[in-house]
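Heads up, there are several structures right after this.
Next, two complexes with chain A in common: one pairs it with chain B, the other with chain C.
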Partner chain A sequence: MCRETQQSRFRGYFSVDAALALVIVVFAYASFAYLASHAGASADEESRQISNSLVSLRFSSFLVEEAITKGTEGHSSVNELDLSRLLDLDLKGMLKEMAKSYAKVSVGGREGEIFSKWEGEAGEEVFCSARLALLNGEIVRLEACLG
Partner chain B sequence: MRKAQLSLEALLAMAAFLSILSLLTLSAGKIGSRLHDSCLSSAERHSLAYQALSIDEAAGSLRSMRIGQGFSATPSQDGKSIRSQKNPSVSEYVFHRVSASQSGGFYVQGNAAEPV
Partner chain C sequence: MKFKSGRLISLESLSVPCARDAKLKSGYLLSLEAVTAVFLLLIAASSLPLFRFQEDRPQDFFLCSDAAIVFSKSHAFADGSLQEKVQTASELSGLCIEAYSPLTSASSCEGEGADAERYAFTVPIWQSGALQEARVSCWGDR
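So, the complex of A and B:
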(Lines of atoms letter the chains of each structure in order from A and count residues from 1; the text may use other names and numbers.)
(Lines give C-alpha, C1' and ligand atoms only; values in the text may rest on other atoms or scores of the structure.)
Protein backbone atom coordinates (compact mmCIF):
# COMPACT_ATOMS: atom_id res chain seq x y z
CA MET A 1 0.00 0.00 0.00
CA CYS A 2 2.79 2.27 1.02
CA ARG A 3 4.80 1.40 -2.10
CA GLU A 4 1.82 2.15 -4.37
CA THR A 5 1.40 5.58 -2.81
CA GLN A 6 5.07 6.35 -3.25
CA GLN A 7 5.05 5.22 -6.87
CA SER A 8 2.03 7.34 -7.74
CA ARG A 9 3.55 10.35 -6.01
CA PHE A 10 6.79 9.84 -7.93
CA ARG A 11 4.85 9.65 -11.18
CA GLY A 12 2.97 12.83 -10.25
CA TYR A 13 6.07 14.97 -9.75
CA PHE A 14 8.21 13.73 -12.61
CA SER A 15 5.74 13.09 -15.40
CA VAL A 16 6.66 13.27 -19.07
CA ASP A 17 4.15 16.11 -19.51
CA ALA A 18 5.83 18.21 -16.83
CA ALA A 19 9.27 17.56 -18.30
CA LEU A 20 8.00 18.52 -21.77
CA ALA A 21 6.40 21.68 -20.39
CA LEU A 22 9.71 22.54 -18.72
CA VAL A 23 11.60 22.00 -21.98
CA ILE A 24 9.09 24.21 -23.83
CA VAL A 25 9.40 26.95 -21.20
CA VAL A 26 13.22 26.86 -21.34
CA PHE A 27 13.17 26.84 -25.16
CA ALA A 28 10.68 29.73 -25.31
CA TYR A 29 12.69 31.72 -22.81
CA ALA A 30 15.98 31.10 -24.63
CA SER A 31 14.32 32.16 -27.92
CA PHE A 32 13.02 35.32 -26.29
CA ALA A 33 16.47 36.17 -24.86
CA TYR A 34 18.14 35.46 -28.22
CA LEU A 35 15.58 37.55 -30.11
CA ALA A 36 15.87 40.45 -27.66
CA SER A 37 19.67 40.51 -27.73
CA HIS A 38 19.70 40.36 -31.55
CA ALA A 39 17.09 43.11 -31.82
CA GLY A 40 19.27 45.31 -29.61
CA ALA A 41 22.43 44.49 -31.55
CA SER A 42 20.63 45.09 -34.85
CA ALA A 43 19.35 48.52 -33.71
CA ASP A 44 22.87 49.43 -32.54
CA GLU A 45 24.44 48.32 -35.81
CA GLU A 46 21.89 50.19 -37.91
CA SER A 47 22.35 53.44 -36.01
CA ARG A 48 26.14 53.06 -36.19
CA GLN A 49 25.96 52.55 -39.97
CA ILE A 50 23.74 55.61 -40.40
CA SER A 51 25.94 57.70 -38.13
CA ASN A 52 29.11 56.69 -40.01
CA SER A 53 27.51 57.29 -43.42
CA LEU A 54 26.42 60.75 -42.33
CA VAL A 55 29.89 61.52 -40.91
CA SER A 56 31.46 60.66 -44.27
CA LEU A 57 28.83 62.83 -46.01
CA ARG A 58 29.61 65.74 -43.67
CA PHE A 59 33.33 65.12 -44.19
CA SER A 60 32.90 65.39 -47.97
CA SER A 61 30.93 68.64 -47.55
CA PHE A 62 33.62 69.99 -45.26
CA LEU A 63 36.35 69.06 -47.74
CA VAL A 64 34.53 70.76 -50.61
CA GLU A 65 34.04 73.79 -48.43
CA GLU A 66 37.73 73.86 -47.46
CA ALA A 67 38.95 73.29 -51.01
CA ILE A 68 36.76 75.86 -52.74
CA THR A 69 38.70 78.54 -54.59
CA LYS A 70 38.39 81.94 -52.97
CA GLY A 71 37.84 84.66 -55.52
CA THR A 72 37.99 88.41 -55.10
CA GLU A 73 36.81 89.88 -51.77
CA GLY A 74 36.49 86.45 -50.23
CA HIS A 75 33.67 85.32 -52.54
CA SER A 76 34.00 81.68 -53.43
CA SER A 77 33.28 80.11 -56.77
CA VAL A 78 30.53 77.51 -56.64
CA ASN A 79 32.19 74.12 -56.05
CA GLU A 80 35.35 75.16 -57.94
CA LEU A 81 38.13 73.17 -56.27
CA ASP A 82 41.63 74.36 -55.51
CA LEU A 83 43.88 71.29 -55.30
CA SER A 84 46.57 73.13 -53.35
CA ARG A 85 44.01 73.66 -50.57
CA LEU A 86 43.25 69.94 -50.55
CA LEU A 87 47.00 69.23 -50.36
CA ASP A 88 47.33 71.47 -47.31
CA LEU A 89 44.60 69.62 -45.39
CA ASP A 90 45.76 68.25 -42.06
CA LEU A 91 44.16 64.83 -42.29
CA LYS A 92 46.26 63.51 -39.42
CA GLY A 93 44.99 66.21 -37.05
CA MET A 94 41.42 65.67 -38.22
CA LEU A 95 41.67 61.93 -37.60
CA LYS A 96 42.89 62.58 -34.09
CA GLU A 97 39.99 64.93 -33.38
CA MET A 98 37.39 62.61 -34.86
CA ALA A 99 38.84 59.53 -33.14
CA LYS A 100 38.95 57.70 -36.47
CA SER A 101 41.77 55.63 -37.92
CA TYR A 102 41.60 56.27 -41.65
CA ALA A 103 40.75 59.18 -43.92
CA LYS A 104 41.11 59.52 -47.67
CA VAL A 105 40.26 62.23 -50.13
CA SER A 106 40.45 61.71 -53.87
CA VAL A 107 39.46 63.66 -56.95
CA GLY A 108 38.68 61.83 -60.15
CA GLY A 109 37.98 63.09 -63.64
CA ARG A 110 37.28 61.54 -67.02
CA GLU A 111 40.88 60.34 -67.38
CA GLY A 112 40.96 58.72 -63.96
CA GLU A 113 42.28 59.79 -60.58
CA ILE A 114 43.69 63.33 -60.54
CA PHE A 115 44.47 63.67 -56.86
CA SER A 116 44.59 61.36 -53.89
CA LYS A 117 45.65 61.82 -50.29
CA TRP A 118 45.14 59.53 -47.31
CA GLU A 119 46.19 59.08 -43.73
CA GLY A 120 46.08 56.05 -41.45
CA GLU A 121 45.20 52.46 -42.23
CA ALA A 122 41.87 51.33 -43.64
CA GLY A 123 40.12 48.89 -41.32
CA GLU A 124 37.33 46.49 -42.16
CA GLU A 125 34.73 49.23 -42.50
CA VAL A 126 35.31 52.35 -44.58
CA PHE A 127 32.46 54.75 -45.32
CA CYS A 128 32.75 56.87 -48.46
CA SER A 129 30.73 59.72 -49.91
CA ALA A 130 31.19 61.20 -53.34
CA ARG A 131 30.03 64.50 -54.78
CA LEU A 132 30.47 66.44 -57.96
CA ALA A 133 32.65 69.53 -58.08
CA LEU A 134 34.48 71.65 -60.64
CA LEU A 135 38.20 71.72 -61.35
CA ASN A 136 39.37 74.23 -63.94
CA GLY A 137 35.85 74.29 -65.34
CA GLU A 138 35.68 70.49 -65.72
CA ILE A 139 33.28 68.34 -63.72
CA VAL A 140 35.15 66.07 -61.33
CA ARG A 141 34.17 63.61 -58.61
CA LEU A 142 35.40 64.26 -55.11
CA GLU A 143 35.33 61.25 -52.85
CA ALA A 144 35.85 61.37 -49.10
CA CYS A 145 36.32 58.21 -47.05
CA LEU A 146 36.49 57.64 -43.32
CA GLY A 147 37.22 54.45 -41.46
CA MET B 1 1.02 12.70 9.65
CA ARG B 2 0.60 11.80 6.01
CA LYS B 3 -1.45 14.89 5.36
CA ALA B 4 1.23 17.15 6.85
CA GLN B 5 3.94 15.56 4.72
CA LEU B 6 1.95 16.10 1.55
CA SER B 7 1.34 19.77 2.22
CA LEU B 8 5.04 20.25 3.02
CA GLU B 9 5.93 18.77 -0.34
CA ALA B 10 3.30 20.89 -1.99
CA LEU B 11 4.73 23.94 -0.29
CA LEU B 12 8.23 23.03 -1.40
CA ALA B 13 7.04 22.51 -4.96
CA MET B 14 5.20 25.82 -4.89
CA ALA B 15 8.27 27.58 -3.49
CA ALA B 16 10.44 26.09 -6.22
CA PHE B 17 7.90 27.07 -8.87
CA LEU B 18 7.63 30.62 -7.54
CA SER B 19 11.42 30.94 -7.33
CA ILE B 20 11.81 29.86 -10.94
CA LEU B 21 8.99 32.15 -11.99
CA SER B 22 10.49 35.16 -10.20
CA LEU B 23 13.94 34.34 -11.60
CA LEU B 24 12.51 34.19 -15.11
CA THR B 25 10.56 37.42 -14.59
CA LEU B 26 13.59 39.24 -13.22
CA SER B 27 15.77 37.97 -16.01
CA ALA B 28 13.17 38.90 -18.65
CA GLY B 29 12.90 42.34 -17.08
CA LYS B 30 16.66 42.76 -17.28
CA ILE B 31 16.72 41.67 -20.92
CA GLY B 32 13.82 44.00 -21.69
CA SER B 33 15.56 46.87 -19.92
CA ARG B 34 18.78 46.28 -21.87
CA LEU B 35 16.79 46.16 -25.10
CA HIS B 36 15.07 49.41 -24.16
CA ASP B 37 18.43 51.08 -23.38
CA SER B 38 19.91 49.83 -26.61
CA CYS B 39 16.94 51.11 -28.68
CA LEU B 40 17.03 54.42 -26.84
CA SER B 41 20.72 54.98 -27.51
CA SER B 42 20.20 53.94 -31.15
CA ALA B 43 17.38 56.44 -31.51
CA GLU B 44 19.53 59.12 -29.85
CA ARG B 45 22.44 58.33 -32.17
CA HIS B 46 20.07 58.58 -35.15
CA SER B 47 18.78 61.92 -33.96
CA LEU B 48 22.27 63.29 -33.19
CA ALA B 49 23.64 62.15 -36.55
CA TYR B 50 20.93 64.14 -38.37
CA GLN B 51 21.32 67.16 -36.08
CA ALA B 52 25.08 67.14 -36.74
CA LEU B 53 24.33 66.91 -40.47
CA SER B 54 22.06 69.95 -40.38
CA ILE B 55 24.57 71.91 -38.28
CA ASP B 56 27.51 71.14 -40.57
CA GLU B 57 25.56 71.70 -43.79
CA ALA B 58 24.10 75.01 -42.58
CA ALA B 59 27.41 76.15 -41.07
CA GLY B 60 29.25 75.27 -44.26
CA SER B 61 27.22 77.66 -46.33
CA LEU B 62 26.74 80.46 -43.81
CA ARG B 63 29.86 80.32 -41.60
CA SER B 64 28.59 82.61 -38.86
CA MET B 65 25.03 82.19 -37.76
CA ARG B 66 22.59 80.98 -35.20
CA ILE B 67 21.17 77.68 -36.35
CA GLY B 68 17.47 77.28 -35.63
CA GLN B 69 15.80 76.00 -32.52
CA GLY B 70 14.44 72.55 -31.82
CA PHE B 71 17.77 70.83 -31.30
CA SER B 72 17.83 68.36 -28.44
CA ALA B 73 21.62 68.15 -28.35
CA THR B 74 24.05 70.24 -26.33
CA PRO B 75 27.50 71.25 -27.55
CA SER B 76 30.58 70.00 -25.72
CA GLN B 77 32.79 72.50 -23.89
CA ASP B 78 35.38 72.62 -26.66
CA GLY B 79 32.62 72.97 -29.28
CA LYS B 80 33.94 70.04 -31.29
CA SER B 81 31.02 67.71 -30.72
CA ILE B 82 27.37 67.63 -29.78
CA ARG B 83 26.04 65.42 -27.02
CA SER B 84 22.63 63.91 -26.36
CA GLN B 85 20.80 65.38 -23.37
CA LYS B 86 18.90 62.18 -22.67
CA ASN B 87 21.89 59.89 -23.06
CA PRO B 88 25.17 61.79 -22.52
CA SER B 89 27.28 58.80 -23.58
CA VAL B 90 26.08 59.36 -27.17
CA SER B 91 27.92 62.14 -29.00
CA GLU B 92 28.70 63.18 -32.57
CA TYR B 93 31.74 65.03 -33.89
CA VAL B 94 30.95 68.23 -35.81
CA PHE B 95 33.31 69.75 -38.35
CA HIS B 96 32.43 73.33 -37.40
CA ARG B 97 33.00 74.70 -33.91
CA VAL B 98 29.67 75.32 -32.20
CA SER B 99 28.41 76.84 -28.98
CA ALA B 100 24.97 76.86 -27.39
CA SER B 101 22.68 79.81 -27.94
CA GLN B 102 20.74 81.01 -24.89
CA SER B 103 17.49 81.05 -26.82
CA GLY B 104 18.02 77.52 -28.16
CA GLY B 105 19.93 76.28 -31.17
CA PHE B 106 23.62 76.76 -31.87
CA TYR B 107 26.05 79.47 -32.77
CA VAL B 108 28.62 78.48 -35.33
CA GLN B 109 31.96 79.87 -34.30
CA GLY B 110 33.45 80.43 -37.74
CA ASN B 111 33.15 84.08 -36.92
CA ALA B 112 31.89 84.07 -33.34
CA ALA B 113 32.20 87.82 -32.92
CA GLU B 114 29.37 88.45 -35.34
CA PRO B 115 26.55 86.00 -34.78
CA VAL B 116 23.56 86.71 -36.99
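So, the complex of A and C:
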Protein backbone atom coordinates (compact mmCIF):
# COMPACT_ATOMS: atom_id res chain seq x y z
CA MET A 1 0.00 0.00 0.00
CA CYS A 2 2.62 2.33 1.07
CA ARG A 3 4.77 1.54 -2.01
CA GLU A 4 2.09 2.41 -4.59
CA THR A 5 0.95 5.70 -3.19
CA GLN A 6 4.35 6.96 -2.15
CA GLN A 7 6.06 5.93 -5.37
CA SER A 8 3.63 7.89 -7.49
CA ARG A 9 4.17 10.94 -5.28
CA PHE A 10 7.91 10.41 -5.47
CA ARG A 11 7.77 10.32 -9.29
CA GLY A 12 5.56 13.34 -9.26
CA TYR A 13 8.19 15.32 -7.39
CA PHE A 14 10.86 14.22 -9.80
CA SER A 15 8.87 15.24 -12.85
CA VAL A 16 8.35 18.68 -11.33
CA ASP A 17 12.11 18.92 -10.87
CA ALA A 18 12.72 17.78 -14.43
CA ALA A 19 10.23 20.29 -15.78
CA LEU A 20 11.83 23.04 -13.73
CA ALA A 21 15.27 22.02 -14.94
CA LEU A 22 14.04 22.11 -18.54
CA VAL A 23 12.51 25.54 -18.05
CA ILE A 24 15.73 26.81 -16.49
CA VAL A 25 17.84 25.35 -19.31
CA VAL A 26 15.61 26.88 -22.00
CA PHE A 27 15.51 30.21 -20.17
CA ALA A 28 19.28 30.22 -19.62
CA TYR A 29 19.95 29.34 -23.26
CA ALA A 30 17.58 32.05 -24.51
CA SER A 31 19.08 34.59 -22.09
CA PHE A 32 22.66 33.86 -23.10
CA ALA A 33 21.77 33.86 -26.79
CA TYR A 34 20.03 37.22 -26.38
CA LEU A 35 22.90 38.61 -24.30
CA ALA A 36 25.50 37.47 -26.83
CA SER A 37 23.66 38.91 -29.83
CA HIS A 38 22.88 42.14 -27.97
CA ALA A 39 26.49 42.53 -26.81
CA GLY A 40 27.71 41.95 -30.37
CA ALA A 41 25.29 44.49 -31.83
CA SER A 42 26.14 46.99 -29.11
CA ALA A 43 29.89 46.59 -29.72
CA ASP A 44 29.37 47.04 -33.48
CA GLU A 45 27.32 50.18 -32.96
CA GLU A 46 29.79 51.60 -30.47
CA SER A 47 32.82 50.98 -32.67
CA ARG A 48 31.00 52.53 -35.63
CA GLN A 49 30.15 55.62 -33.57
CA ILE A 50 33.70 55.97 -32.27
CA SER A 51 35.20 55.45 -35.70
CA ASN A 52 32.96 58.12 -37.29
CA SER A 53 33.58 60.52 -34.40
CA LEU A 54 37.33 60.12 -34.85
CA VAL A 55 37.03 60.71 -38.60
CA SER A 56 35.12 63.95 -37.99
CA LEU A 57 37.70 64.93 -35.37
CA ARG A 58 40.50 64.41 -37.87
CA PHE A 59 38.51 66.39 -40.40
CA SER A 60 38.21 69.26 -37.90
CA SER A 61 41.98 69.16 -37.29
CA PHE A 62 42.55 69.26 -41.05
CA LEU A 63 40.21 72.24 -41.41
CA VAL A 64 41.85 74.12 -38.54
CA GLU A 65 45.22 73.49 -40.17
CA GLU A 66 43.94 74.58 -43.60
CA ALA A 67 42.28 77.74 -42.31
CA ILE A 68 44.99 79.12 -40.04
CA THR A 69 46.68 82.41 -40.72
CA LYS A 70 49.84 82.09 -42.79
CA GLY A 71 52.59 84.62 -42.27
CA THR A 72 54.53 86.29 -45.05
CA GLU A 73 57.60 84.14 -44.38
CA GLY A 74 55.68 80.88 -44.48
CA HIS A 75 55.11 80.72 -40.73
CA SER A 76 51.68 79.60 -39.63
CA SER A 77 49.86 80.65 -36.53
CA VAL A 78 48.36 77.71 -34.66
CA ASN A 79 44.60 77.98 -33.89
CA GLU A 80 44.33 81.48 -35.38
CA LEU A 81 41.77 81.31 -38.17
CA ASP A 82 41.76 83.37 -41.34
CA LEU A 83 38.21 83.90 -42.63
CA SER A 84 39.38 84.30 -46.25
CA ARG A 85 41.06 80.89 -46.09
CA LEU A 86 37.87 79.38 -44.69
CA LEU A 87 35.93 80.85 -47.63
CA ASP A 88 38.38 79.28 -50.05
CA LEU A 89 38.04 75.76 -48.63
CA ASP A 90 37.35 73.23 -51.36
CA LEU A 91 34.78 71.05 -49.61
CA LYS A 92 33.75 69.39 -52.88
CA GLY A 93 37.28 68.18 -53.50
CA MET A 94 37.57 67.01 -49.89
CA LEU A 95 34.36 64.99 -50.17
CA LYS A 96 35.70 63.32 -53.29
CA GLU A 97 38.95 62.45 -51.49
CA MET A 98 37.16 61.08 -48.43
CA ALA A 99 34.38 59.26 -50.31
CA LYS A 100 31.76 60.95 -48.16
CA SER A 101 28.49 62.57 -49.22
CA TYR A 102 28.23 65.57 -46.91
CA ALA A 103 30.62 68.03 -45.30
CA LYS A 104 29.96 71.20 -43.37
CA VAL A 105 32.14 73.72 -41.62
CA SER A 106 30.77 76.48 -39.43
CA VAL A 107 32.31 79.09 -37.16
CA GLY A 108 30.41 80.73 -34.35
CA GLY A 109 31.06 83.00 -31.41
CA ARG A 110 29.07 84.07 -28.36
CA GLU A 111 26.87 86.28 -30.54
CA GLY A 112 25.99 83.54 -32.99
CA GLU A 113 27.13 82.05 -36.28
CA ILE A 114 29.83 83.96 -38.16
CA PHE A 115 30.44 81.67 -41.08
CA SER A 116 28.94 78.51 -42.53
CA LYS A 117 29.69 76.46 -45.60
CA TRP A 118 28.53 73.00 -46.68
CA GLU A 119 28.62 70.66 -49.63
CA GLY A 120 26.48 67.63 -50.52
CA GLU A 121 23.35 66.15 -49.00
CA ALA A 122 23.16 65.32 -45.31
CA GLY A 123 22.21 61.67 -44.89
CA GLU A 124 20.67 59.93 -41.91
CA GLU A 125 23.78 60.24 -39.80
CA VAL A 126 26.07 63.23 -39.56
CA PHE A 127 29.03 63.27 -37.17
CA CYS A 128 30.29 66.62 -35.94
CA SER A 129 33.32 67.69 -33.95
CA ALA A 130 33.88 71.05 -32.32
CA ARG A 131 37.14 72.90 -31.84
CA LEU A 132 38.14 76.20 -30.28
CA ALA A 133 40.18 78.78 -32.16
CA LEU A 134 40.85 82.49 -32.43
CA LEU A 135 39.32 84.70 -35.11
CA ASN A 136 40.47 88.30 -35.08
CA GLY A 137 41.54 87.89 -31.45
CA GLU A 138 38.17 86.51 -30.31
CA ILE A 139 37.53 82.94 -29.17
CA VAL A 140 35.30 81.09 -31.63
CA ARG A 141 33.95 77.58 -32.02
CA LEU A 142 34.67 75.77 -35.27
CA GLU A 143 32.40 72.86 -36.04
CA ALA A 144 33.24 70.29 -38.69
CA CYS A 145 30.59 67.79 -39.79
CA LEU A 146 30.78 64.75 -42.04
CA GLY A 147 28.01 62.52 -43.32
CA MET B 1 7.72 -0.90 12.17
CA LYS B 2 5.26 -3.54 11.10
CA PHE B 3 4.64 -7.20 11.83
CA LYS B 4 4.34 -9.53 8.82
CA SER B 5 3.84 -13.25 9.21
CA GLY B 6 4.92 -12.94 12.76
CA ARG B 7 8.33 -11.40 11.82
CA LEU B 8 9.51 -7.96 12.67
CA ILE B 9 10.51 -6.05 9.54
CA SER B 10 11.24 -2.40 8.88
CA LEU B 11 10.02 -0.19 6.02
CA GLU B 12 13.58 0.57 4.99
CA SER B 13 14.29 -3.10 4.32
CA LEU B 14 11.34 -3.19 1.91
CA SER B 15 12.82 -0.22 0.10
CA VAL B 16 9.52 1.60 0.11
CA PRO B 17 9.92 5.30 -0.52
CA CYS B 18 7.60 6.80 2.03
CA ALA B 19 6.12 10.21 1.76
CA ARG B 20 8.55 11.56 4.31
CA ASP B 21 11.60 10.34 2.32
CA ALA B 22 10.25 11.57 -0.98
CA LYS B 23 9.49 14.95 0.50
CA LEU B 24 12.97 15.20 1.89
CA LYS B 25 14.60 14.26 -1.42
CA SER B 26 12.54 16.63 -3.49
CA GLY B 27 13.11 19.38 -0.95
CA TYR B 28 16.84 18.82 -1.23
CA LEU B 29 16.69 18.94 -5.04
CA LEU B 30 14.69 22.13 -5.06
CA SER B 31 17.05 23.84 -2.64
CA LEU B 32 19.97 22.76 -4.83
CA GLU B 33 18.25 24.40 -7.79
CA ALA B 34 17.67 27.51 -5.77
CA VAL B 35 21.33 27.66 -4.77
CA THR B 36 22.39 27.10 -8.40
CA ALA B 37 19.96 29.75 -9.60
CA VAL B 38 21.28 32.27 -7.06
CA PHE B 39 24.84 31.38 -8.05
CA LEU B 40 24.07 31.91 -11.76
CA LEU B 41 22.25 35.13 -10.95
CA LEU B 42 25.29 36.40 -9.06
CA ILE B 43 27.58 35.54 -12.00
CA ALA B 44 25.21 37.29 -14.44
CA ALA B 45 24.92 40.34 -12.17
CA SER B 46 28.67 40.60 -11.74
CA SER B 47 29.18 40.50 -15.52
CA LEU B 48 26.65 43.28 -16.22
CA PRO B 49 29.16 46.16 -15.80
CA LEU B 50 31.14 44.66 -18.69
CA PHE B 51 28.24 45.40 -21.04
CA ARG B 52 27.63 48.91 -19.76
CA PHE B 53 27.92 51.52 -22.48
CA GLN B 54 30.77 53.83 -21.67
CA GLU B 55 30.66 57.12 -23.38
CA ASP B 56 34.05 58.45 -24.28
CA ARG B 57 34.34 61.93 -25.66
CA PRO B 58 37.65 62.17 -27.48
CA GLN B 59 36.77 65.66 -28.70
CA ASP B 60 36.93 66.96 -25.09
CA PHE B 61 40.66 66.30 -25.13
CA PHE B 62 41.05 68.42 -28.28
CA LEU B 63 38.73 71.14 -26.99
CA CYS B 64 40.74 71.42 -23.79
CA SER B 65 44.07 71.59 -25.59
CA ASP B 66 42.55 74.21 -27.95
CA ALA B 67 41.42 76.23 -24.91
CA ALA B 68 44.93 76.12 -23.42
CA ILE B 69 46.49 77.28 -26.70
CA VAL B 70 43.87 79.98 -27.19
CA PHE B 71 44.33 81.40 -23.66
CA SER B 72 48.08 81.42 -24.09
CA LYS B 73 47.98 83.05 -27.54
CA SER B 74 45.41 85.69 -26.64
CA HIS B 75 47.54 86.85 -23.66
CA ALA B 76 44.58 86.14 -21.37
CA PHE B 77 46.87 85.45 -18.41
CA ALA B 78 48.64 88.78 -18.74
CA ASP B 79 45.97 91.31 -19.76
CA GLY B 80 43.41 90.60 -17.02
CA SER B 81 40.84 89.06 -19.34
CA LEU B 82 41.31 85.48 -18.15
CA GLN B 83 37.93 85.09 -16.38
CA GLU B 84 36.01 86.45 -19.39
CA LYS B 85 37.91 84.23 -21.83
CA VAL B 86 37.52 81.14 -19.66
CA GLN B 87 33.79 81.84 -19.49
CA THR B 88 33.55 82.28 -23.27
CA ALA B 89 35.55 79.13 -24.00
CA SER B 90 33.42 77.21 -21.51
CA GLU B 91 30.18 78.35 -23.12
CA LEU B 92 31.41 77.52 -26.61
CA SER B 93 32.88 74.13 -25.73
CA GLY B 94 30.32 72.93 -23.19
CA LEU B 95 33.08 72.03 -20.74
CA CYS B 96 33.95 73.30 -17.30
CA ILE B 97 37.30 75.04 -17.60
CA GLU B 98 39.75 76.11 -14.94
CA ALA B 99 42.93 78.05 -15.68
CA TYR B 100 45.63 79.23 -13.35
CA SER B 101 49.12 80.64 -13.40
CA PRO B 102 51.34 81.69 -10.47
CA LEU B 103 49.70 85.15 -10.52
CA THR B 104 46.13 84.64 -11.68
CA SER B 105 43.36 82.07 -11.85
CA ALA B 106 39.85 81.70 -13.25
CA SER B 107 37.15 79.06 -13.35
CA SER B 108 33.89 78.69 -15.24
CA CYS B 109 32.35 76.25 -12.75
CA GLU B 110 33.28 77.57 -9.32
CA GLY B 111 33.41 74.94 -6.58
CA GLU B 112 32.46 72.05 -8.87
CA GLY B 113 34.25 69.05 -10.30
CA ALA B 114 36.50 68.23 -7.35
CA ASP B 115 36.12 64.51 -8.06
CA ALA B 116 35.64 64.80 -11.82
CA GLU B 117 37.97 63.16 -14.31
CA ARG B 118 39.89 65.99 -15.95
CA TYR B 119 42.07 66.74 -18.90
CA ALA B 120 44.91 69.09 -17.98
CA PHE B 121 47.48 70.91 -20.10
CA THR B 122 50.44 73.05 -19.16
CA VAL B 123 51.26 75.92 -21.48
CA PRO B 124 54.08 78.48 -21.43
CA ILE B 125 53.00 82.10 -20.88
CA TRP B 126 54.77 85.41 -20.69
CA GLN B 127 53.75 87.12 -17.46
CA SER B 128 55.35 90.00 -15.51
CA GLY B 129 58.36 89.98 -17.79
CA ALA B 130 59.16 86.32 -17.18
CA LEU B 131 58.32 83.01 -18.77
CA GLN B 132 55.89 81.14 -16.54
CA GLU B 133 53.85 77.97 -16.59
CA ALA B 134 50.08 78.09 -16.75
CA ARG B 135 47.77 75.15 -16.29
CA VAL B 136 44.39 74.64 -17.95
CA SER B 137 42.10 71.79 -16.91
CA CYS B 138 38.69 70.78 -18.24
CA TRP B 139 36.05 68.33 -17.16
CA GLY B 140 32.52 67.07 -17.84
CA ASP B 141 29.52 68.72 -19.35
CA ARG B 142 28.30 72.05 -18.14
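Keep in mind that, in the parts below, the second predicted complex is superposed on the first by the 107 of 147 C-alpha atoms of A that agree within 3 Å, B and C clash if a C-alpha of one lies under 4 Å from a C-alpha of the other, contacts with A are read in each partner's own complex, and residues count from 1 in each chain.
Methods note: a residue touches a chain if its C-beta (ideal position, glycine included) is under 8 Å from a C-beta of that chain, and two chains touch if they have at least 3 such contacts.
If you're wondering where the values come from, they're calculated on a predicted model, not measured in any experiment.
Once the two complexes are laid over each other on the shared chain, residue contacts for A:78 go to chain C alone; chain B is not touched.
In the superposed model, A:50 lies in contact with both chain B and chain C. Of the two partner chains placed by the overlay, only chain B lies in contact with A:58; chain C stays clear of it.
By the touch criterion defined above, A:116 reaches neither chain B nor chain C.
Residue contacts after overlaying the shared chain place A:131 against chain C, while chain B stays out of touching range.
In the superposition on chain A, A:15 makes contact with neither chain B nor chain C. Considering which of chain B and chain C touches more of chain A, the answer is C. Of the two partner chains placed around the shared chain by superposition, chain C is the only one that A:141 touches, whereas chain B remains out of contact. In the superposition on chain A, contact is made by A:39 with both chain B and chain C. Once both structures are placed on chain A, chain A residues 9, 13, 39, 46, 50, 54, 57, 61 are touched by chain B and, in the other complex, by chain C. For chain A in complex with chain B, the residues that touch the partner chain are 9, 13, 25, 29, 32-33, 36-37, 39-41, 43-44, 46-48, 50-51, 54-55, 57-59, 61-62, 65, 97-99. Contact residues on chain B toward chain A in their complex (touch as defined above): 9, 13, 24, 27-28, 31-32, 34-35, 38-39, 41-43, 45-46, 48-50, 52-53, 56-57, 60, 80, 92-96.
On chain C, the positions that touch chain A within their shared complex are 11, 14, 16-19, 21-23, 25-26, 29-30, 33, 37, 40, 44, 51, 53, 56, 58-59, 62-63, 66-67, 69-70, 73-74, 85, 88-89, 91-94. Contacts from chain A toward chain C in the complex involve residues 2-3, 5-7, 9-10, 13-14, 16-17, 20-21, 24, 28, 31, 35, 38-39, 42, 46, 50, 53-54, 57, 60-61, 77-80, 108-110, 129-134, 137, 139-141.
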